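Take a look at the structure set out below.
In this document, chain identifiers A, B and C correspond to the written order of the chains, with residue numbering beginning at 1 in each.
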Amino acid sequence: MSELETASKTSSESAGFNPRRSVGRLLTVVVGMFAFGFALVPLYDVICDVTGLNGKTGDQYTEAISQSADPDRVVTIQFLTNNNADMPWEFRPEVRSIKVHPGELNQTTFYVQNPANRTIMAQAVPSVTPFIAAGYLHKTECFCFEQQELAASESMDMPLRFIIDSEIPEDIETLTLSYTLFDITDRTSGQLAVVDN
Amino acid sequence: MKKAKQGNWLVALSMLLSSSWAHADWTVNMREGVTAISRDVYSLHMIIFWVCVVIGVLVFGVMILSMLMHRKSLGVKPADFHHSTKLEIIWTIIPVVILVVMAIPSTATLTAMYDASDADIDIEVRGLQWKWQYTYLNDDPEKEVKFISSLLTPSEEIYNDARKRENYLLDVDNEVVIPINKKIRFLITSQDVIHAWWVPDFAVKKDAIPGFVHESWAIVEEPGIYRGQCAELCGKQHGFMPIVVRAVEQAEYEEWLVGKQEEAKAVFETVGKEWTQEELMVKGEEVYTRVCSVCHQANGQGLPPAFPSLVGTGLAVGSMQEHIDIVLHGKAGTAMQSFSSQLNAAEIAAVVIYERNAWGNDMGDMIQPREINAMMNGGQ
Amino acid sequence: MSSVIEDHHHDDHHHGPAKGIMRWVFTTNHKDIGTLYLWFSFMMFLLGGTFALVIRAELFQPGLQIVEPEFFNQMTTMHGLIMVFGAVMPAFVGLANWLVPMMIGAPDMALPRMNNYSFWILPFAFTMLASTLLMEGGGPNFGWTFYAPLSTTYAPPSVTFFIFAVHLMGISSIMGSINVIVTILNLRAPGMTLMQMPLFVWTWLITAYLLIAVMPVLAGVVTMMLMDIHFGTAFFSAAGGGDPVLFQHVFWFFGHPEVYIMILPAFGVVSAIIPTFTRKKLFGYASMVYATASIAFLSFIVWAHHMFTVGMPLAGELYFMYATMLIAVPTGVKVFNWVATMWQGAMTFETPMLFAIAFVILFTIGGLSGLMLAIAPADFQYHDTYFVVAHFHYVLVPGSIFSIMAAVYYWLPKWTGNMYDETLGKTHFWLSFVGVNVTFFPQHFIGLAGMPRRIPDYALQFADFNMVSSMGAFLFGFSQLFFMFIVIKCIRGGKPATAQVWEGAHGLEWTVPSPAPYHTFTTPDGIDLKEAHG
């Protein structure tokens, strides 16, 4: 054993290491990287916000509307509506597209109707193309900020109020805002059950 | 006995080797395509290909030379050099230079690909398991054209019961029609899993992501039929959701568009008329074969457990209301999707009646398309 | 410090292996564990290969002949998972177990008990994974990259077992890598500096760091899947504020370094074999080390080149294109160094050398097609086609797998004490070489012509090359049974091997007798550091 210890010691002296300590250090790296995997989730959201990745739009825009409308520029904004699989609602924009001046506050509505014979909760997910435009679309009110609920056969008009930032790059003349409706009835009922417990 | 067996073998072998399908020309290289972008991509591909060939020839040339000249059997003595800073710097710098030179045209092409502004026509492309839905966006909702495009190849060809025809697996029932020399913007999304919309002749390939919209574009310069396929694994029928785009002159496009708009109107009217059960059965079989048989199989037996049988069990011989409900709205957590946006009321009535009366499911009941329409539009 | 080793050596220092099956179950000997890893890997190679042959049999002709699309998808998925996690990675761990201690003059791995655990986890993990094929709803069918939501919302019920299997594999790999790192950093023979280590040890040290950095990320991503499936979170579902694209980013953050985990040790193997059979020192040892380290570093910052068509902002796309192209530089340095090592040597062409030369040539072809894939605009045409399939099989089969076979032939005489049959070995090489190229070269063409990957049936213009490719696959597949025969024949007997085995071999492992005694380098006396690296 003594020879072995000498062998190990000599090289450990040169490298300044000790197995228990180095195992400990390496395990810290492992735990750290596992946590890093989860840290990628918020990090990804930040990157999405900065770059407009996937055309994700920001949360409710609460700053005071200080911008004045730019009457010389017109941007066309196009509305797309989609249902995810298994979502039976009828879902359509009031108008397919509108022309707006950057800086002004605009309003439109989306019509939804629940043809199924059960109450359904829905979540609308927005997405903007081109991605770069996502950061210039400020929504002061949007049905996508909250979950929507319709009882069987009910319908409603859901409002959207937004401003196109007057800083929007010159070369963007059309931007497409898409909403996808997801049926989240099961998801929310599951969460409620957890809360009840 | 032995001879018979050998005979069978020979037949099998000859069947294996003789083409039991239509001859198709094969190619070994990327298509040049019919858009400015696709030609740019093709030339980038060819440049980088030749760069690789030259590097390959040089490296393998030196290796082969070395293997021929520097073998022990020739009595050579090994040299004892084992590094040369000069050489190592040279073969670090040369690749860097090549890469920089390659990066310049690549950057230009990529930048051009990303500029989807000023489009003449916007088409929403939506992937669903396992077909494509196209919507030609229009400010006037009456004029909007929307249709589902799915595989036309019959299952007999796929299962080798019929001769495979030209465009096997690359034919669809409804082609996307676009005018030439117009900038078409494709807004690509999905309603279930990730698909990818790919037309090689346009060098357009974009993932369709559920919940998000991505854009791509093309200006097609030559009339023709261009075929593509889904390029992202999306489940069982991933290999069976082709894309067909027909590029035509502007006038022909407009004619087609008007035709499609009238077709939609006609469907609207057929939904209103009174149907007989026989009419629904005929229509139902056609719809079933096209839409349902992929999972539930032509004989209705399904592929349990994923795709349940419809023969003599379940909703097909149960409550009609629930049966209609599941066809309209799908069943959450299974492959059974909602068909309310893919099929019109007449088609849904027909397929429900067909399922309830085919394969010995003699339910004998009846429903009119307009009743379904009422359910779809909130009557129920 | 060496209490971990001491515990073990107090017990069985002076006697040989225990008798019977229990020798293998409880062994803490690095040579035994290396052997276990290698046999396990070979069995997984045959299993994954069988799945590949099912795929190639179905693709022999257009039309659906043998399997249904549902099962076909399970085959592509399981083939990928088993080959990556069951065949290639354990084979390299097996080689590390056998060779790292002998190359650095250490008596054993630093943590022998953990070494035993990290191996014995694997059979459980893979039994669990393979058993999913028999479960209701079938096994994983979403590709080895398991993109959400196909692998979450739309997955078969067996996905939970898949997730647990991946967790077990991850734990095994992490324990294995910790062991390798601690061994290399602590147990080198007295006086051996890092820059005196053989390149195989170097590449494994770097690989082990890559493993402990990215396997936890893989564990994280499958944990998120598990939570999405069973606990109602929405990491990857837009419905709850998540994003399916996030999955791909996290996955490829693991996945790209994983690609290098499977090739860096291969570089080490080839860097040992080529100098031996050219009877010349490795050209540019230091630059090889630096190149390996830079490849490892770059592997962390290029992941999104797997996602060019997913949709990224232009700036992101450009960044990932440039960064990816950069990898060609250190990789090129390696290839040039091997060629320079061969230049003006005195070469002989025994089986390991044949495999090593084939590695350099065919890996370079795979590397060049990788360079083509790095060009983002062109990748829009290549992505998810057979061109990509051809590319990564060129780097993995004649790359990683040829290097493993080269390693087996090279060190087999040291392990068994017998020379393998050279004629049979060369026959195996040529069958494999022809098989691999007939299988994968035509796939470049069908990919460029537009055939998507992961499809069970295809359009008629792809028929001819698919048939050729399938024939190559069967040739390659069955040649590997021949490989097994050669190895078993060598274990059972053959011409006795000398200690040095190969005329030009240098390194500490060649200073011990053949077969290598059960315990080697138990004392540091008589270790000749001049022999440490060729």
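Note that a contact is a pair of C-beta atoms (placed from the backbone, for glycine too) under 8 Å apart; a residue touches a chain by one contact, two chains touch by 3 or more.
Everything quoted here is computed from the prediction, not taken from an experiment.
K.L.:
Using the touch rule from the top, work out which pair, B-C or A-C, shares more C-beta pairs.
P.N.:
Spelling it out, more C-beta pairs touch across B-C than across the other pair.
K.L.:
Greatest Cα-centroid separation from chain A: which chain?
P.N.:
Relative to chain A, the chain whose C-alpha centre sits farthest away is C.
K.L.:
Please work out the Cα centroid separation of chain A and chain B, and write it as a whole number of Å.
P.N.:
Inter-chain centre distance comes to 28 Å.
K.L.:
Centroid from C-alpha atoms only, then distance chain B to chain C, rounded to Å. What do you get?
P.N.:
Those two chain centres are 34 Å apart.
K.L.:
With chain centres taken as the means of their Cα atoms, state the distance from chain A to chain C in Å.
P.N.:
Chain centroid spacing, chain A to chain C, equals 37 Å.
K.L.:
Residues of chain A touching 2+ other chains?
P.N.:
Within chain A, residues 54, 56, 84, 125, 180, 182-183 contact more than one other chain.
K.L.:
Hunt down the residues of chain C that sit against at least two other chains at once, touch-wise.
P.N.:
238-239, 243, 245, 311
K.L.:
Multi-chain contacts only, two chains or more: what residues does chain B have there?
P.N.:
114, 192, 209-212, 214
K.L.:
Under the stated contact criterion, what part of chain C meets chain A in this complex?
P.N.:
Residues of chain C touching chain A: 1-2, 4-6, 9-10, 13, 105-107, 110-111, 174, 177-178, 181-182, 185-194, 212-221, 223-224, 232, 234-235, 237-240, 243, 245-246, 249-250, 253, 311-313, 315-316, 521-525.
K.L.:
Quick one: in the complex, what on chain C touches chain B?
P.N.:
Chain C residues touching chain B: 61-65, 68-70, 73, 136-137, 141-143, 147, 149-150, 153-154, 156, 238-239, 243-245, 278-287, 309-311, 314, 317-318, 321-322, 325-326, 328-329, 332-333, 335-337, 339-340, 342-349, 357, 360-361, 364-365, 368-369, 371-372, 375-378, 380-381, 383-385, 445, 448-450, 452-465.
K.L.:
What does chain A use to touch chain C in their complex?
P.N.:
My answer: residues 1, 3-12, 14-15, 17-20, 22-23, 26-27, 29-38, 40-41, 44, 48, 51-54, 56, 84, 123, 125, 131-132, 180, 182-184, 187, 190-191, 194.
K.L.:
Quick one: which bits of chain A touch chain B in the complex? Just the residue numbers, please.
P.N.:
So the residues of chain A touching chain B come out as 54-56, 78, 80, 82-88, 90, 92, 95-97, 113-117, 125, 127-130, 152-153, 155, 171-174, 176, 178, 180, 182-183, 186.
K.L.:
Note which residues of chain B are touching chain A in the complex, please.
P.N.:
Per the stated touch rule, the residues are 114-119, 122, 124, 126, 128-129, 137-141, 144, 187, 189, 191-192, 209-215, 325, 328-332, 337-338, 340-341, 375-380.
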